[in-house]
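Across the two complexes that follow, subunit A remains constant while its partner is subunit B and subsequently subunit C.
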Partner chain A sequence: MKKKLVSMLLGLTMVGTALVGCSSAPAENSTPKETETKTEAPAKEETKTETPAEEAEEKTDELITIGFSQVGAESDWRVANTESMKSTLTEENGFNLIFADAQQKQENQIKAVRDFISQEVDVIVIAPVTETGWETVLGEAKDAEIPVIIVDRMIDVSDDSLYTCWVGSDFYQEGLDAVDWLTEYMDGLGRGQDQLNVAVLQGTIGSSAEIGRTKGVRDGLQEHSNYSIVLEQTGEFTQAKGQEVMESFLKSGEQIDILIAQNDNMAFGAIDALKAVGKKPAEDVVIVSFDAVKAAFESMIAGEMNVSVECNPLHGPRVAELAKAIMNGEEVEKIQYVEEGVFPADTAAEMLPTRVY
Partner chain B sequence: MIKKVRERLDGNSFLLMITILLFIALYIAGVLIFSDKNFGKPQVFFNLFINNASLIVAAVGMTMVLITGGIDISIGSVIGMSCMMLAWMMEKQGMNPVVSIVIVLIVGGVFGLVQGFFVAYLKIQPFIVTLAGMFFARGMTAVISSDMISITNETFLKIANSKIYLPFLAIVNKKGNLVYPYIYPSVVIAVVILIVAFIVLRYTAFGRSIYAVGGNEQSALLMGLNVRRTKLKVYVLNGFLAGLAGFVFCLNSCGGFVEQARGFEMEAIASSVIGGTLLTGGVGSVVGSLFGVLIKGTIESLITFQGTLSSWWTKIVIAALLCFFIILQSIFAKLKDKKK
Partner chain C sequence: MSKTQEIVKKITGYHLFWPLFCLVIVLLFNLIKTPTFFDITIQNGVLYGYLIDVLNRSSELIILAVGMTLVVAASGGTDISVGAVSAFAGAVCIFALGTGETYQIPYIFGVLLAVLIGALCGAWNGFLVAKMKIQPMVATLILFTAGRGIAQLITGGNILYVKVDSFKRLGAFLPGVPIPTPIFIAVIVVIVTSLILKKTALGLYIQSVGINAKAAKLVGLNATVIQFLSYVFCGLCAGIAGLIITSRIYSIDANNAGLNIELDAILAVALGGNSLGGGKFSIAGSVIGAITIQALTTSLYAMKVTADQLPVYKAIVVIIIVALQSPELKKWMKHMRVKNSTQNVERVVEQ
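This part shows the complex of A and B:
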């Protein structure tokens, strides 16, 4: 009852005295599910304020309030990342999630984090829009003694005590995994000892995914002297640019046996470029890609891609685990990698239905 | 008697009063609804200023431009460019932060000067002039660097991160510590600019001539005011304030990045309009714009505190408020005409 009143009041005040058209909107948004989540939280908080002495005892069975600031919803990967958080950090699992979409703007993210601090949430989770500019607001979080978990992109701060830990992909390992799969595959084809030319479509230069994957691939290939990287250029993680760069690769006259695209989108572009010159992707040129988005599986089923190395967006469970550990006062590892798999074409058909992004 | 009251509350002041009342109503609603989530904490109020310091500075400049009947949609890009320049000069060129800041302010002023010249002396539509300015500044930002540049300059970070604790309104937080509310130097800059602009607009000949030019350019001209020079000055001032807003923005973000402050000009315009500034010129106040900014900030905070609503609702609510205020303004404009 109180809840309904609250949401109505909110709706009313937000729209001010204005526009009837909009006043129905917030009400519409409070679906039964959301209503449920909110009824319990205030009730618990109330008991707490009334009896501060019991606070410590109650703490164990209290919900952990998490403020999560997400980049936005710019890609399938991101949406899957958000979904994973929302579906894991539920009331049943002992969490009260406050979600804020930054709409791709860091300034929104900083504001949201300040609001989280004011609300005295237990843990702040940030999927940063940018790597820079976090000193000030994380300093505020630190002063308020609120632990901060960074997910996905790393942040660039001089003092790493500003955050408790980071959860994300090990791009370097992804690069190594790709090479491992590649060499095994080439051995299987009986070309393992041939002189093989590799072309690399890099991601946006300087992004952590590009740096990690480039280094992983290079280090991996170093152990195989018959593989040599003959072409390397950035396709900026986009399909259009990937296609453009692949076209120039093909025009360069170099023999290309293997293409390593640092994300699926660039691989799709490269596949188009190959088709345009009459080459058979995945046969004439072995295509190794990263991310393993749904469309990559479809591409593999169509026989146009050989493998995609996963970049796992499902961070929810790990974050949940970490938040609980931190709240129990346990020390956690600063760097937390999520598990990631390698998906070759022959497993694509069976894996596709299980993929969520 | 009624007539007297109506006269006194006419136009300007009545719209301003509505804006202020709306802010107070929104804020109190927030305090009541989210009392369990600490919305009533003084820090939440000061965060409005911390988060929006650069918007306050930008809105002050924008308000002046709007009062002259013009518009400047380049300021978001200028702010982005200023941040990038600051980051680039300090990090890549190893320049002194003070020198860098001064350069940024001068560049902002020159940017305004060029735009103002086109608008005032060549009589080109301000929208088109500043649209070109917007593209130019954004492009230049990418030319300076298309990569993110993080500011590590110690002096700069010291300014950015030095909390100024207020010696009152202390509260005990959940962990049992006594905490004082704090602000940053950026807030001080914003408030000083606001006060100066308020005084200039209200009590100086230059300030009054801005209103005169916006109210009716012909009569201003006949009154012997130098309309063109007044306009030029306003654009220069606005460019300077955009540069300053860029510096203040940078204090909060501590880095340069091509996409920074995109759409900022629209937020400044929206804040001014909600604060009672007429796009047709002649009417407006920086105090109103301040409350426009605060209303926007409060709505954002309310939505974050609520926790489940999509943050895109901020935009929808702002849109609704804009409609509301535009309708109010046109009603007042009609009433005014009738009286004449």
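This part shows the complex of A and C:
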């Protein structure tokens, strides 16, 4: 009886793993397939254009072919980023997008870029997985005289002529924006001149978002002598750690007037910690957060968060604009920041339906 | 030898002495740096204090450490998949319960499903280790990497939130009870496990298989089944831990749920004075080890150590604790003491 049970369990797990094996396999295969089918697309068009009238040929000439190598689909933010690219770089807008999902592997990205070069695309767009290791393949792109736009994460190359420009978020500015909003809000409450204690939940130490936001917040608060950062600890960008660290903050004996969480998830955790001890988030402690994901808007509507500073994934329009400018032979700025909004709680309800990530 | 020396020897010889000693030392540091560490008050109807935090936050680690202890004891290897299995079990539970205003299936089925998934994953690991004789670390590496991937598949790569309020109770408080629920669960797991091990001969079997599987076989123990069962149990513990982890944040974040917790669980077993080579084991030791790890983290938060220096302090303390328990160091210290006393005796003789 026991043996039977054990063998049954075993059978089940094996079937389970086999199933998983099946379902994960297509997912892995889908990327090369996708790129293959998509890379075939322009080729097909060419053969088509030979037969019909010249108009069609002109049309393909006008289209700017863009090869975009994306990191993967690891977060909502990334999905929104991909969606923005796909919906902006359409044929109606004069683009022919070749999309390659790298599944978080740099070697896939390097391969994709080499494919783009051999296909002679007009512009290469890369959302890099890692900062380093780009010299060789970007050198090849440069030799082929194909302009390269880097989006989101920065790359670390000794020769910055290897890429044309970079598009992404200015985390430092986000930090400053948060402080600007905060001081204005506190002035509005009539507490602008009070001595105010700030607690900061940092992101994963060393990540570019953490470095930029920490510095931005510090520099911003330095200009207001009545604000002082009394507590600072990492919550590793996760809700669980945010909650744990906030619990500890609350017991530190320091009066906390303002909490700055460097992403929304940590803010959610901190809000739970506050509620558990009977404090009212957004009233007893002003809560400033970053990223402005959809759930943050829901939290603001529930009156538990005061503001979230956006980290905008919608890079598509800017990339489209830049690609056109580059193809027209215009000089473009090396560093291009996307516009990022500050969303206070009172605008949350009307903004929520428009949020895509 | 005087009587006091004998008593000292008896105390230090007690198998839980060094693990307890380390925990006390970690806590004593707080007495100097943050005296409020030991304050426990009631706030908002629930117990409130750093010590409560330590116990509350170490609950899932205690549960995992209990399972890990048995795996280590029976197979002389570690199960590195527990963190990923927790995420997997949590993902299945939340997926089954649904993200609507009410549960799709009764809550208890969601819980059972998570525990079952944990046990199934454990069975898979156990099959690979006990039956196929694959090195434990390599065998569990499969789920270590695949577990999170499966969880991602289930959640569609998103963080799924449960909107039903009662889902939070498991990771927070039951209405009217001032003690955090995870502590109760950890206590239940520890007591039930100890009872099973003490009341049946299973504890002895695990120990004998761990010390010498071949010899155990010769005396009629089925080593394969015993190793297999220990992995199933470890997986089951991972499922329970997964429930607590997801309930705490009433959501499943497949990327981060239980991330790196397998390393802490292994460390807890080691800090508890258990040999990672298998054989003799102490559940109580592992529990103390798990509490020590959390006490250390919470203490460093309380001492306001900055985030970038945090890992350094943790590493230093862990090195000291492990060194304190190392038999070689103890031998060396004994040797030095003997040398000293003989020198003293010689000096006395010379005078």
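By definition in this document, the second predicted complex is superposed on the first by the 296 of 357 C-alpha atoms of A that agree within 3 Å, B and C clash if a C-alpha of one lies under 4 Å from a C-alpha of the other, contacts with A are read in each partner's own complex, and residues count from 1 in each chain.
Definition applied: contacts are C-beta pairs under 8 Å (C-beta built on N, C-alpha and C of every residue); 3 or more make two chains touch, one makes a residue touch a chain.
Computed from a prediction, not measured in an experiment: that's the story for all the values here.
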Checklist entry - Is A:Leu314 touching the first partner subunit B, the second partner subunit C, both, or neither of them? => result neither
Item to check | Touching partner for A:Lys251 - first (subunit B), second (subunit C), both, neither | outcome: second
Checklist entry - What is the contact status of A:Glu120 with respect to subunit B (first) and subunit C (second): first, second, both, or neither? => result first
Checklist entry - When the two structures are overlaid on chain A, which partner does A:Phe99 contact: first (subunit B), second (subunit C), both, or neither? => result first
Checklist entry - Which partner reaches more residues of subunit A, subunit B or subunit C? => result B
Checklist entry - Just subunit B (first), just subunit C (second), both, or neither: which does A:Gly139 touch? => result first
Next on the checklist: In the overlaid three-chain picture, which partner chain does A:Gln233 touch, first (subunit B) or second (subunit C), both, or neither?
Outcome noted: second
Checklist entry - Once the complexes are superposed, what residues of subunit A are shared between the subunit B interface and the subunit C interface? => result 6, 9-10, 13-14, 16-17, 206
Next on the checklist: Residue numbers of subunit A touching subunit B in their complex, please.
Outcome noted: 6, 9-10, 13-19, 21-22, 25-26, 29-30, 34, 37-38, 41-42, 45-46, 49, 97-108, 110-112, 114-116, 118-120, 130-136, 139, 144-145, 156, 158, 206
Checklist entry - Tell me, which parts of subunit C touch subunit A in their complex? => result 36, 43-46, 48-50, 53, 57, 119-121, 123-124, 127, 146, 149-150, 153, 157-159, 161, 172-173, 225, 228, 232, 245, 248-249, 251, 253, 255-257, 259, 298, 301-302, 304, 306-308, 310
Next on the checklist: So in the complex, the part of subunit B that touches subunit A is made up of which residues?
Outcome noted: 22, 25-26, 29-30, 32-33, 36-39, 41, 43-44, 47, 50-51, 147-152, 157, 160-161, 173-175, 177, 179, 184, 249, 251-255, 257, 259-262, 297, 299-313, 316-317, 319-321, 323-324
Checklist outcome for this item: Counting only contacts in the complex, subunit A reaches subunit C at residues 6, 9-10, 12-14, 16-17, 20, 23-24, 27, 73-76, 79, 202, 205-206, 231-234, 236-240, 243-245, 247-248, 251-253, 265, 268-269, 272, 276-278, 295
